[in-house]
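Heads up, the next two complexes both have subunit A, just with different partners, subunit B and then subunit C.
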Partner chain A sequence: MLKISAEKLNELFDKIASQQTLYIPVDREDKCAEFKKYESGMTLSKALNTVRSAKDFFLPQTENLAEFRRSGKTIEVKDIRKESEDFVVFGVRACDAKSFEILDSVFLAEPVDTFYKNRREHGTIVTMACTRPEETCFCTTFGINPTVPGGDASVYFDGESYFFVPFTEKGKVFMASISDMLEDGDVTKLSEVQAKAREIMTRLPLANLTTDSFGGEKLMEHFNSEKWAELSEACIGCGTCTFVCPTCQCYDIRDFDTGHGIKRFRCWDSCMYSDFTKMAHGNPRTSQLERFRQRFMHKLVYHPSNHEGEFGCVGCGRCLSKCPVSLNIVKVMKALEDK
Partner chain B sequence: MQEAMIKRAKELLADGTVNRVLGWKKGEFAYDSTPSVFETAEELERDFVCNDFTQANLSKYLIKESRKEGKILAFLKPCDTYSFNQLLNEHRIIRENVYVIGIPGGPKLDVEKIKAKGISGITGISKDNFTIKIETLYGTESMPFYEAISEKCSNCKSKKHVEYDELVGDEGDILNSKRFDMVEKLENMTSQERFDFWQGELSKCIRCNACRNVCPACTCENCVFDNPKSGIDQKAAADCFEEKMFHIIRAFHVAGRCTDCGECTRVCPQNIPLHLLNRKFIKDINSLYGEFQAGADRTTKCPLTDYDVNDCEPSIVHERGVE
Partner chain C sequence: MNNDTLIPLVGVVTDVRQDTPDVKTFRVNALEGGKVFEHMPGQCAMLSIPGVGEAMFSITSSPTNKEYMEFSIKKCGCLTEWLHAMDVGQQITIRGPYGNYFPVETELKGKDLLFVAGGIGLAPLRSVINYVRDNRENYGDVQIVYGSRSKDDLVDYQEIIDEWMADDNIQVNLTIDNSQEGWDGHVGFVPNYVKELAPSTNKTVLVCGPPIMIKFTLAGLKELGFSETQVYTTMELRMKCGVGKCGRCNIGNKYVCKDGPVFRYDELGALPDEY
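Right after this comes the complex of A and B.
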């Protein structure tokens, strides 16, 4: 298998960055990781995951869509989109890589979201296999194997070297662009590391969580559950869970009057917010219970119902560690399946 | 402590003093808990928790809970009683519908500080004097207790309960904290350094509104940032100016009412030290109008909503602003 030794990793990053924009997870001062545009000398984070998910690359928090200017009786509509430049995101975990498939099923279905598609086409995803899953991880619940993380190409770390495997055409092109820096390596140690990670996966506190009680056919049973009242009681209605979530995809589109024209933009929305899906007639969900229920019904019932059984969660665990009052999808699943 | 609290809560439920109990519910892990209302002795025995990690301030929930049928028992830490008092002063909580038991406060621990040490896969946490022992999927780790103390408890202003019906444990004192040290450090920076500091911190903001929604001083029925009629409603910052605007407006709005409970910083998913904005206001109020602590009592008027002929003139802003 082709590899590069750990001490040469930054040389590799320099090479990739000389060809196209490269993003890697790096540690901030507070020891939390975030994806940053690579600049020479940056160190790859050892953290399992970033606070914000990698969906930001394809569905940014805010984005301008169009501009309007009125002169007399005509309105000039200006398409302001820019063609994305090619970029590489290095070090995406299996959960986030899977989230792109879920986002694709929404944004690349007809009518295609051309803004999203543009970025998807220009991005190469280089994933990294997990070796140290955390207690908040439950990706295996959704059929994800974190030791085989997918993407366009994958990287496996055995403690000394990084091994590369391409999966897609884009991944092969990426590999070809760095092939002169890679050498053949022995995978004996890597196999051991992989086996150990798989063993840890079976011992995770959430390893036994299943989706057996969920899916499109459970619509009315869960929608009418009396448990939502207690489950949502402590929810403070912030958007933390939705904004750190790699699969939350709802957005709002607004027009902003700059004083000399209109800018139409979209930004992430959160079903936890009081004005979520507010329309001219009013709001279909007037209580926090309904808004809270919406988020979990979407992931566990509506999404699988609309997308051939695919759940709208990848078990990354971000909501588990970030909710201000420790409410999360795991607690909801456990409560709802407990008859 | 937890057992004594459960015992007393069961007694008050049984004798009809209260019909609900506001506390914390056990979570999935050794460190997570959720504010919760308990209605029966069985629920209390099964799920009630009060440990080194139960940091959440329960006072704000009483706005809603005190408007329900019957009286509710609330367990409040010293800092939470300041928020409670302040909410009483603002007529947001119906006092006669709440039975307050003051419980000892922290220092509470923050699991993020443990994780920042590179300790991951946490399956259990125990305390042994000044050391905490952490069981993980990758072996046992340990670290000094004080290094895991949460930001909100690291500069505790008071161990005294300012409002309660009864206490569990002994009453504490108002402390001589060093909570303004970092504010002073920021004040002593050049304006460019200070700008860079806040630019760096606030640019991390994802506008999840957790700081606002958890804040006991933020109780507007419809926040200007959510209200399309306000003209400044926004779900996301369009640029770095708006990032700052949200936080600065919020800090101004809670000035004089913020009790420095530290919840804003605790809940921030991006670890922005938001409490420093509020502490700057508290420090300024103290120096311009005399010592004032929001929520300390039920009678003192907040200097910002009161008038005194000795109040500083608006020109103080200019005088102090000159470098």
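Right after this comes the complex of A and C.
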């Protein structure tokens, strides 16, 4: 298997970054990891995952859709789309890599969202296998194997070297572009590291969580469950869960008058907010219970019912660690599952 | 790059009609004349004044009208207030058509039809009614029950009198909520009027109006012996994209913009009551 030793990793990053834009997870001063555009000398974060998911690369928090010029009674529409530049995202975990497939099922369905597709086509995803899953991890619940993380190419770290395996055409092109820096390596130690990671996974507190009780068939049963009231009672509707979630894709479209033209942009929105569904004539979800229920019904019931059983959650655990009042999808699943 | 449905086209308002104190009907053409796009009865379009807002409106004109599209719009918010202030010649942005449509070429074909509308709820049904009138041989009896708060609030009143009521092949029953000077027609709420008229239960019903009217109309129809599979309605929820991606107009696992807005009542009954 082709590898590069850990001390040469930054040389590799320099080489990739000389060819196209490279993003890697780095530690901020507050110790939180986030994806940053690579600049020479940056150090790859050792954190298990970034605080925000990697969805920004394809569905940015805000992006302009079109521009307008209004003068008198006339309106001019300007298509501002440009072909995206090629870029590499290095160090995406298996959960986030899977989330792209879920986003694809929404944004690449007809009519295709060309803004999303453009970025998707130009982005190369280099995933990194997990070696030490944490207590909040439950990706295996959704059939994800964090030791085989997918993407266009994968990187496996054995403590000394990074091993590379391509999966897609884009991954092969990426490998070819760095092949002069890679050398053949012995995978004995890597096999041990992977075996240990798999062993940790079986001991995680959420290892036995299953999706057996969920899916499209249980729509009315779960919707009408009496447990939503208690489950949602503490929810303050802050929307943190939706913002850190790699699969939350709801968006708003708004206009901004710059004074010299109008920009129409879309930005992330949250079903947890009271004005999400508010109309001139009323609001179908007036209580936080209804909004809370919507979010989890979407992930556990509505999405799978429309996408051949695929759930809208990848078990990354971000909502478990970030909700200010300790609500999360695991609590919901445990409360609603058939006992 | 391929077209993206989120990037709108430009249309121009070529006629404005004050229908009721708070409803105006706007005629929209493409800048070069003709229609901006084709549609089917019941489909919707996103209209916008950039910088003010964008919202979904049902296309009230029939697809058989080859010259222009019409939108009947009630003044009830920021964008609609702006639209109501428009004059002829004002350009707007438009994108669509969105959603499914009343099954005029399939399930409704050959059927006796009963239209039940309240207030601005006539807007989406008017498209179907005029489609049916223009393809009259394809349908059986046609009956329209339409009601509003007052005579002045009946949308498209002139067209109803001049064309629909003058058409021997259509039965039109109008009603207003409270008696009023200059009105010698029926007085009373739409659901009660439908019950009084006791239409034949072999009719297929298309209903649209305020939620409370729809609810009582449906209950009345059931009492008369109609089943839920005979009744169609069209829904409205807040929308941003129009194509099932922005995530806000769902009723259960159905997106009103994409899987609706037209639903048969038995389909709606299988979904959560969250609309």
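By our rule, the second predicted complex is superposed on the first by the 333 of 339 C-alpha atoms of A that agree within 3 Å, B and C clash if a C-alpha of one lies under 4 Å from a C-alpha of the other, contacts with A are read in each partner's own complex, and residues count from 1 in each chain.
Just so it is clear, a contact is a pair of C-beta atoms (placed from the backbone, for glycine too) under 8 Å apart; a residue touches a chain by one contact, two chains touch by 3 or more.
This one's a predicted model, so the numbers in the text were calculated from it and none came from an experiment.
For the composite obtained by superposing both complexes on subunit A, the positions of subunit B and subunit C are free of clash and fit together.
When the two complexes are overlaid on their common chain A, residue A:Lys322 makes contact with subunit B while staying clear of subunit C.
In the superposed model, A:Cys32 lies in contact with subunit B only, and not with subunit C. The superposed model places subunit B and subunit C at 90 degrees from each other around the C-alpha centre of subunit A, with the value given to the nearest 10. Contacts of A:Glu233 after superposition on the shared chain: subunit B is touched, whereas subunit C is not. With both structures placed on the common chain, the touch criterion links A:Phe68 to subunit C but leaves subunit B unconnected.
In the superposition on chain A, A:Ile262 makes contact with subunit C only, while subunit B stays out of contact range. Legend: residue contacts after superposition of the two complexes on their common chain; A:Asp252 is shown touching both subunit B and subunit C. In the superposition on chain A, A:Lys331 contacts subunit B only, with no contact to subunit C.
Figure legend note: subunit B and subunit C, brought together by superposition on chain A, show a least Cα distance of 9 Å. When the two complexes are superposed on chain A, the residues of subunit A that touch both subunit B and subunit C are 252, 269.
Per the touch definition, subunit C reaches subunit A in the complex via residues 1-10, 49-54, 76-77, 80, 87, 89-93, 236-238, 240-241, 243-253, 270-272, 274-275. Those residues of subunit A whose C-beta lies close enough to touch subunit C in the complex are 65-66, 68, 70, 73-77, 79, 81, 83, 106-107, 109, 111-115, 118, 216, 219-220, 223-224, 249-253, 255, 257, 262, 264, 266, 269, 271, 276-281, 284-285, 290, 294, 297-298, 301-302, 305-306.
Those residues of subunit A lying in contact with subunit B across their complex are 28, 30-32, 46, 48, 51-52, 61-62, 132-136, 200, 203-206, 233-234, 236-240, 242-244, 252, 254, 256, 265, 267-270, 273-275, 320, 322, 324-328, 330-331. Chain contact summary for the complex, subunit B toward subunit A: residues 27-29, 32-37, 56, 61, 115-116, 118, 120-123, 137-138, 204, 206-210, 212-214, 222, 226, 228, 235-238, 266-267, 269-271.
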